[in-house]
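Working notes, structure below.
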Amino acid sequence: MIKLCGVSHSYDGRRFILQNIDLEVGKGQIVFIMGPNGSGKTTILKIMGLLLKPTKGRILFEDRDYWSLRERERLEIRRRVIYVHEKPLFFPGTVIENMLYPLYIRGYHREEALELINKMLEENGLINIIDKRVDELSSGTLQILSILRAMLPTPDLLLLDEPLTHLDLENQLKIIKILKQYLSMGKTLIVSTHNPLFPRRMGGRIYELNNGSLREIDPNSLKTI
Amino acid sequence: MIKLCGVSHSYDGRRFILQNIDLEVGKGQIVFIMGPNGSGKTTILKIMGLLLKPTKGRILFEDRDYWSLRERERLEIRRRVIYVHEKPLFFPGTVIENMLYPLYIRGYHREEALELINKMLEENGLINIIDKRVDELSSGTLQILSILRAMLPTPDLLLLDEPLTHLDLENQLKIIKILKQYLSMGKTLIVSTHNPLFPRRMGGRIYELNNGSLREIDPNSLKTI
Amino acid sequence: TGNWGVVRVRATTTTSLYATGLLDYLSNKYMKQHPDTRIDFMPVGSGEALRRAGDGEACLVLVHAPSLEKEYIDRGVIYYHRIFAYNYFVIVGPGNDPAHVSNATNIVDAMKKIYNAGEAGKAKFISRGDNSGTNVRELMLWKKTGLDPNDRKWYIVSGTGMGQTLVMADQMNAYTLSDKATYLKYLASNRIHNLKILYSNDTALINIYSAYLVKGCNGKELERAKGFIDFITSSRGQELIASYGVELYGEPLFYPANNKTSLADTWSKLVKGLDP
Amino acid sequence: MMDELLGIITRSIIISGTATLLASTWSIPLAYRLSHKTRAGYIRSILEALVGVPTVLIGLLLYMILCSQCPLGLLGILYTPIAIVIGEAILVTPLITAVSLYEISRVRARYGELAQSLGASDRQVMEVVLKYSIPGIIGALLMGFSRAIGELGVALIVGGNIKGYTRVMTTAIALEVSRGEYEEAILLGLLLLLIVAVIAVGLRMIRGGRD
Amino acid sequence: MMDELLGIITRSIIISGTATLLASTWSIPLAYRLSHKTRAGYIRSILEALVGVPTVLIGLLLYMILCSQCPLGLLGILYTPIAIVIGEAILVTPLITAVSLYEISRVRARYGELAQSLGASDRQVMEVVLKYSIPGIIGALLMGFSRAIGELGVALIVGGNIKGYTRVMTTAIALEVSRGEYEEAILLGLLLLLIVAVIAVGLRMIRGGRD
């Protein structure tokens, strides 16, 4: 699905956050990125989310070198990839307006979109907040919504930056369940987290990012507080 | 130290998030507030942080009814209380500017303030980012800084809304250590969290907020994912 | 030409003349006879009125600044000169007349009195300093006295239109030279409180209003512009001018020219900077 | 008399309204372009500096283009309402651009990356940024309209203050002033303010109470 | 000639600069008060509507207060630079308030609660909000200065365009126009723009490249 070849990144042109990173994630796989604060998890997720152009190296999406494609082709690919920010972001306005957006920009008909949204919110017990303004919701609710919103247009590659943040136990389990379902549809997931229990529950490869390099680790080597 | 008497709160005048809540936290104690997403943890913390005036009920700070005091006295009390937001907030600018602020408004001399800040950052291995702009820092680093900033003027009552969010294992342990030290100085802590391991590590009473009411629970009754 | 078959005649004129309302009054009468005609007056400064004519942006010009007019005649910009009205400039000043201008024996004496009172710190004089007909005439008068008021502290160069200059003179208790029509207008609208006419009706102060056609203008617009000039210089037009404003101000604002050759002579003298 | 006044009022609103809308067709896209984080600061400052450009200057420059011997003389639009519309549109461009830039930059910084991360094309990012900038843009347009309808120099120089044709509120006010009729001029001025205020309140109802 | 021009330029800068600073002493606090989340929307709209208030109107109203037979006639400030300063300060108040309100509201919504949670008093909250609004406030002041130095009506009516005393750039331009000297007027106008642009670029260096 997606492959990083010799990717390095620096924000200021001096300190390199990522150094010559190679990583391949196949279709239907789930990969976890762990690592200490400031090690570059968010950075590498944004790069794989095609939002940030790395200073060096290539990103192959289905064997096509993304950043050397033309704008039209890039857009086509970008439509199949969604990155969920570590701090849930929303447009001002109501929940429904926010949920409509990813479908709207992909040309869904309004009725079809509304149906999808209603179904999803109902399944997750959130149908009662559909007309609420997002600035009246708690941080956990926003976190769930931002994940659900990303899943609505069923992107082939979904990148989640610390998706369990702000969630209570029940909602954490719910998200894990949803993600498993999503995987079983043949979709690809790349997830960052600080919670070692998360990959243990989900399965999948785990990489640790440290000092700019990535190496695969054993989930059982990880401790909690 | 602080006492809620019959506190109820509603944002819209219809749905009451908190209903007739009584809670007392004595000097030198630590109290955890847990509960599902949207149950009102942030709301009750802001109320105890004296930032939000509850719709009903009284808040006694050292036996004085806070919201019926005059502005001068309120300010005096507010200077002794700091609430740390669940999403770390910073003024635009550098780390040092942000760390100076709580000291500056309390009339510290610049030299004294700089000394305190340098000492604190050095102890926590963060001295190298002192001149960085906050928008260039990772979410975990910001989380630590927002807690340290709140501790700088050593408030008597410190309220932390999900303080372990975004932190890696090592930093979580570091914060736990720092909080223990803070408690041992005779300070009072009120903390919200979704992680049951946190209160187990710290000790202290645990309350669960649910459907508007608060009840004390046994830490060992809580599970993780 | 303009929309809907209406012939638009572009006319530039000085603000002070237009502000009296005379031109709208005359053009309304003219348009009764020529309903398909509309005269579009653009009230601007004298220099500007002629400049726009020079740019071909007008077909008709109505002004009262002889020496300036002559320049444009010589440049071949305007032609068909017709004098359609005249009146007198007046020296106005504070009611208590500290310079005793009202006792002046002639215009030179009047100006000298102002100069001397100014030097004595008893009077001020406001000059428009805008090269308008009024301003040009004022400078001519100073020249006749052989005195140079420039850079004297009491000689204030304001650079505003006639109306505002009157208001300033009134407020500052200063003397100034004004055309009579604007003075009467401002008096009637209560803008002036203690400014009085102290010297007037001297031929040296004659103020001549002329109309011109503009080179380059042609077709129906030219035809109607010429028609308008002919109308206002016709005996009917002259009657209208003579009676204009009498009801409102108690005396006429303008005197009809009635094709008097003496006025043409006076005009020529003024152009040469000679005593009228 | 009443008829003439009514004519002047509607003419003023139409001319200045058209000028504002015309200006918005280039000012808003320009503001969007400048809202990139890159160093557009100097352009922004220059725009702010041009907010108060003397209306007379714009009038004169336009006159120099539109007069019969001038480059665009053949259009024959000098002394027509069209000339005023063009002049006022130029006049309010810096104001509309600079003011809407405040809101557009803020909205773009805050929601641009979100839209992109959800799969929006560049065009769609622009659409959504402009959509959420509407309250601020309306404010900018209102300021532009107010500036246009309140300006004198352009209307006087390229409009000519022709009765029943290019005479607008401000040129009528100027004429009253030159007649010494200060009271009438003030009345007209206050009437103008009232009109703009009514429009502002109407727009506010669309915008909603806060923002 | 050169001397006179230099005098006019410095006079314009001093008068309009003073007017802008004077206006800021009440406009900024007013903007801060209006930046509360409560329904200040209508006041905001009215301010925006007043941005383009005809300068002649302000000139006339001020004249009606300052003239010798008028309420404040005894002050004797009609036809002095002070009168222009006052009129221009009033003129730019809506512009400075409305524009700085954009930044102040945003900053207050974003950092007001943070300051409070760290223990700031109401006054300290205001201080910190204004501090982080400085780039926007400078922009508003720059626009105000540009508007003040580019306005004509006030300077003409209460200043009187007195040579060497109250003659400023715009009244000098108007005089050239009435003389038909369009080229000179345009030159003066461009000179004025240049001056404001230089000041803008200077301020930008203080503000920093972006924002």
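All chains are identified by letter, namely A, B, C, D and E, in their written order; residue positions are counted from 1 within each chain.
Basically, a residue touches a chain if its C-beta (ideal position, glycine included) is under 8 Å from a C-beta of that chain, and two chains touch if they have at least 3 such contacts.
Owing to the predicted nature of the structure, the values given are computational and were not obtained by experimental measurement.
Shared contact partners of chain B and chain E are absent; no chain touches both. Centroid distances built from C-alpha atoms place B farthest away from chain D. Put simply, the chain farthest from chain E by mean CA position is A. When the C-beta pairs in contact are tallied for A-D and for C-D, the bigger tally goes to C-D. If you average the Cα atoms of chain C and of chain E, the two centres end up 37 Å apart.
Chain centres here are Cα averages; for chain A and chain B they lie 30 Å apart. Between the Cα centres of chain A and chain E there is a gap of 50 Å.
Contact with two or more other chains is made by residues 44, 161, 164 of chain C.
Touching of two or more other chains is recorded for no residue of chain B.
The set of chain D residues touching two or more other chains comprises 177, 182.
Contacting chain pairs (ordered by label): A-B, A-D, B-E, C-D, C-E, D-E.
Residues 111, 113-122, 124, 128, 132 of chain E touch chain B in their complex. For chain A in complex with chain D, the residues that touch the partner chain are 49, 51, 71, 75, 78-79, 81-85, 89-92, 101-102, 105-106, 149-150, 153, 155.
The residues of chain D lying in touch with chain C in their complex are 67-69, 78-79, 156, 160-165, 175, 177-182.
Residues 44-52, 129-132, 156-161, 164, 168, 171-172, 193 of chain C touch chain E in their complex. Residues 37-42, 44-46, 48-57, 60-61, 63-64, 95, 98-99, 102-103, 106, 136, 139, 142-143, 145-153, 157, 169-170, 173-174, 177, 182, 185-186, 189-190, 192-193, 196-197, 199-201, 203-204, 207-211 of chain D are the ones that touch chain E when the two sit in their complex.
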